[in-house]
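Handing you a structure now.
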Amino acid sequence: MPSNIEPLELHPDRLFSSDPSVVAIARKLYESIKDLPIISPHGHTDPRWFNENENFGNATELFIKPDHYVFRMLYSQGIPMTDLGVPEHGLQGDMARSKAADPEKVWQIFADNYHLYAGTPSGYWLDAVFSDVFGFTEKLCSENGQHYYQKITAALATPEFKPHALMDRFNIELIATTEGALDQLPHHRAIAGSAMAKRVITTFRPDDVVDASREDFIDNVIKLGEITDQDTTTWQGYLAAIQIRRDYFRIEGRATATDHGHPTALTADLPTAECEALFEKCRTGHSTEQEQELFRGQMLTELAGMSIKDGLVMQIHPGAHRNHNQAVFDQFGRDKGCDIPSQTEYVNALKPLLSKYGNHPDLKIILFTLDETTYSRELAPLAGHYPSLKLGPAWWFHDSPAGMLRFRQQTTETAGFYNTVGFNDDTRAFLSIPARHDVARRVDCRYLAELVANHQISESTAQTLAYQLTYGLVKKAYNLDK
Amino acid sequence: MPSNIEPLELHPDRLFSSDPSVVAIARKLYESIKDLPIISPHGHTDPRWFNENENFGNATELFIKPDHYVFRMLYSQGIPMTDLGVPEHGLQGDMARSKAADPEKVWQIFADNYHLYAGTPSGYWLDAVFSDVFGFTEKLCSENGQHYYQKITAALATPEFKPHALMDRFNIELIATTEGALDQLPHHRAIAGSAMAKRVITTFRPDDVVDASREDFIDNVIKLGEITDQDTTTWQGYLAAIQIRRDYFRIEGRATATDHGHPTALTADLPTAECEALFEKCRTGHSTEQEQELFRGQMLTELAGMSIKDGLVMQIHPGAHRNHNQAVFDQFGRDKGCDIPSQTEYVNALKPLLSKYGNHPDLKIILFTLDETTYSRELAPLAGHYPSLKLGPAWWFHDSPAGMLRFRQQTTETAGFYNTVGFNDDTRAFLSIPARHDVARRVDCRYLAELVANHQISESTAQTLAYQLTYGLVKKAYNLDK
Amino acid sequence: MPSNIEPLELHPDRLFSSDPSVVAIARKLYESIKDLPIISPHGHTDPRWFNENENFGNATELFIKPDHYVFRMLYSQGIPMTDLGVPEHGLQGDMARSKAADPEKVWQIFADNYHLYAGTPSGYWLDAVFSDVFGFTEKLCSENGQHYYQKITAALATPEFKPHALMDRFNIELIATTEGALDQLPHHRAIAGSAMAKRVITTFRPDDVVDASREDFIDNVIKLGEITDQDTTTWQGYLAAIQIRRDYFRIEGRATATDHGHPTALTADLPTAECEALFEKCRTGHSTEQEQELFRGQMLTELAGMSIKDGLVMQIHPGAHRNHNQAVFDQFGRDKGCDIPSQTEYVNALKPLLSKYGNHPDLKIILFTLDETTYSRELAPLAGHYPSLKLGPAWWFHDSPAGMLRFRQQTTETAGFYNTVGFNDDTRAFLSIPARHDVARRVDCRYLAELVANHQISESTAQTLAYQLTYGLVKKAYNLDK
């Protein structure tokens, strides 16, 4: 691959379309909303950062190791994960460190292969961070790889790059992290009463105590009983314990939402006796795969019932086949870029839950998908009818310029704009948050500009909508305006 | 929501794309076809209108109550159906009226929430009707809601707004209504011999005597026997009765087509003995869901056989999960915006019918879908091969600017233009018919203009095609040129 | 249909978009790659042509009879296959000839109906061949049909139209044909040592000895044993025989790849004893449809294992429902345009093979699809992770301007460009090869130009990518650079 040094310039009109008449309108819309604060209602940053406010480590540790988007592309081109410093499963402490690749060497591999990211959202976010956050003016390549590494690593050690300083610099009004049901939320509690408390909240994600296919489920249910002082060997005790944890997340972690990452969108509404029998099988390790699936489905309905009572907004994120690559999973463990979307059905799957609670005025469910075929066929018609349903933004593999555009093109005509909920970055890559929100703002302005240029909406309506899509709808959807 | 009064102006180039080179070509194509008469070969207007020619009621009764597109959006945002004047199931006459909401109040709710329709086809059609049919120059909003209501209601009482006058004003050459198999077609018969007879025809829709999952199926089959004087307790008598009804619709209602709204596209071709046994189970209320599905599938094949004999064009509209919202169905009944599309398969489903009749020169089947994934994968390849198959236009949730464009983009390369059949409005909203056909004409011209601008077809070919897509193909497909 | 004579002019900027800013960039990119040699790594031309170098016959024989794309469109409009000279199944020699339609009359039917191809890739390719290869300046129509026929037929008899001359004129550096597992490759062997040997290679396609649902499978397995001198009544002997044939294709036919046209992408990894039992059932004609499917799945895994050893690149082409039209199949046999795509699943289907071999550095699998819904949902995520997987180009019904654009739009953001493999023409229509590659080059340049105009990649990166998509990646993917 040729690797001549190229200038790194972010064009002010990037992502606004190639059509000058659209660009002119998009630019005006964007000008009016680009400086609105960032609301990040769903993501995976580490709450420790916001509590302890310590500097980040080196460039490799920040950009490559934790970002499975980045190393999945390198891996797909035949670069072994061990060369990228991905720690092997089971190796911990000194042992893991001694096997870890030299971070400068890992960075150089990344630099040598940076051309692979052309046209991908990872490439776009990285360029934006390198330019806007670190001030680089040359695109990363083999020749300047070490210069990049040194400059980034040096910058990370300065006070301007501590988490709190970045929160201000990035104009983040609010960020939600995500914690499992057993988490005691030490960092969220530690900041209580400080200015940061209004800006950093948690999200209740109970998959670890709901998904009986997990190897740690039985242990987790026992621990759930211990920390809530409930008898989680009974169905009623188990439900009570979950409700206690929800209250804890709401009060101690200021949570306004829950999140549920199930393989499918299946829901169920079984009689109590069947729930008890099913829970007993799951709790004691005697459940089949089908029973585990049914249990997850029943729990979505139970959790919806709890949401009606305590007001937590429910997020359902179905459709990922997790850890598809068996060899990588065995060697390196979970979350190594081996999750693959699969076909997802909503219309029949959600019916039991919706029949029970779908018309309740106090229920709010935000639906996500990895299967774009459901946008126009299932999700927009469902959200365009049920008062409890809203559409989450383009997610994960579709959190990209073309992916976001397809989301709007395929949902707006049936669901309108007001049944959507603004943008989620869903990321653990803290430095990329402004770039990700900026992509969403640009693409939304482009979509609105196309409607204006095509004489489908007026410029004044587009202006109102740009504000709503950036700021108004997300605050309302996640109960952050209360 | 801000609600400043905005001007209501329909731009002459609306929907022609944002690209000036495309707009220029589209405008020329559109000029040449915009005044062609409207052929509406499939819809749900009330035949009484065309027979009795009485004035319509008030604005709410015309625009909101019968249009589930309109109130589904309001409902999705938490506005109760009772506040919108949707009558509860089981309430009739005085009782229903006494509970009905004040139409002026309903209209005001609609006006207050009119921003919800931004970017939706409903919003587009409504603006077009308000501007073109009623002459409004301000966009509907809270402030002018009552003015709108009064002005529309007053206009509706004038002779210019009687159905026959509107037929002429709208330049409707022909409109087909849709009636169930047991209908005696009083209005179609009453206009026989008048000028209106050539312009208003029926369509034979036998779902009520074919779908054994309906609660009224058994009764309907008995009535079918009574009105045809056939023994519908036998398979042969039942088929003979249906054939008699088809003849009746053809002769008394001038029908040229049938319509079949099945949950799936399944067809079957069973031996006669199995048909007899299956019919017996259905007729006596002893059929399972699977047997009901198989019976519908067998009937599609039987009906195709009848079409070969009597020349009625067959329309298959599969894929809607009807009345998905159980609570709304229980309280308000059918057709309240709770129908949700679901995944639909055609290749295997249609094989039994196609193996028997698919190559017959006298059979014409028009296929529709709510599942856009089938456009390029299944429907275009099927219609691009089988002489009996044609593609119906983008339907229901996809009867929208972006939906229509996707239809052309995803079917043309494999099926060409000549295996499609022009536009259907499929509506009960009579006043919106010109706006709906105008959207189709504009989007088709835009699509053709893009092919011209991209040098894929010549402007002269585009001109021919614009005529065919607007007028030529629909007359041919529905046997209206005979 | 009107049939005025139109000029036939191929616009130099065709397919570059309607947007002038995109066209300007696309033109520059295209200029830099349009004269690169053609690499055709997958297709169905007749190897006899390249060995014997004899002139082709008449226009009808070359353009209509062998091209199911062409006659499927005519058939879909009700023109009987017999009128098009498609030979009936079972008629051979004199009998077939005597029933064959007069080629001039067939050509005239084609000319009379040439408007049907407007907007289709067939129409585009045909126009390009008529203009670029034969020098016509009027578009084919009723009036000039016979002139076309005579001029083409006369040209075909000249030395400039012999296969070798066309190989040079078309600048084909390399073309791969496809042969069944039992083929002795006489033509590939005959040219060994000649200049043509470096330019014409075979591909190993073992469906005939792997697909037990074929009526000739049992015979084929016996023949396989005979020509390899192996005992193909045993599982081990059968596998050894296939390996011998692979070596033969590699050495005698210079094959670098295999091809597998299965109905689904299912793979399996069974214990040896189960493989033996399954093979025994298939070999003796006692297998069910499900067992035949499982056997094909097991064989994909076996063949992947062989690929790791012998280095042949594996191509998997799933998803066609072959010979869907029973009546046409009974009368005319296979490959008559009656193949219809159906829904195809990859994530679960490929897991057994990928779990066994997916991370092996010596395995290369190129995946194709007829189900575009899998681009963004399954194929791009799989190819963006597994080092053994690459994405084949838009295939068959999707080998078209809009189809190719959708391929890039829906795969690039997740898989990048470097997990794709350039273009395949997959054709038996030799004269259309330059036109097909030209479409791919133009559409890729347009896609890249859009990214440049939208400021997503630089023009210099686009230049590099244009070269890679046209020439670099295909040579690497098919091991043609070794």
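Residue numbering begins at 1 within each chain, and the chains themselves are lettered A, B and C in the order written.
What we mean here is this: a contact is a pair of C-beta atoms (placed from the backbone, for glycine too) under 8 Å apart; a residue touches a chain by one contact, two chains touch by 3 or more.
Quick caveat, the model's predicted, so the values are computed rather than measured.
Visitor: Considering chain A as a copy of chain C, what rotation angle in degrees (nearest 5) results from a C-alpha superposition of the former onto the latter?
Guide: 120
Visitor: Determine whether chain B and chain C, two copies of the same sequence, contact each other through the same residue numbers or different ones, counting it as same when over half of the numbers at the interface appear on both sides.
Guide: different
Visitor: Averaging over Cα atoms per chain, report the distance between chain B and chain C in Å.
Guide: The separation of the two C-alpha centroids amounts to 40 Å.
Visitor: Would you pick out the residues of chain A that each touch at least 2 other chains?
Guide: 17, 19, 373
Visitor: If you look only at chain B, which of its residues touch chain C in the complex?
Guide: Counting only chain B, the residues touching chain C are 17, 19, 21-22, 345, 347-348, 351, 354-355, 358-359, 361, 373, 376-378, 380-387, 389, 409-410, 412-419, 449-451, 453-458, 460-461, 464-465.
Visitor: So in the complex, the part of chain A that touches chain C is made up of which residues?
Guide: Of all residues in chain A, those touching chain C are 1-2, 4, 6, 10-11, 13-20, 72-73, 75-78, 115-121, 124, 139, 321, 324-328, 337-343, 370-373, 397-398, 400-403.
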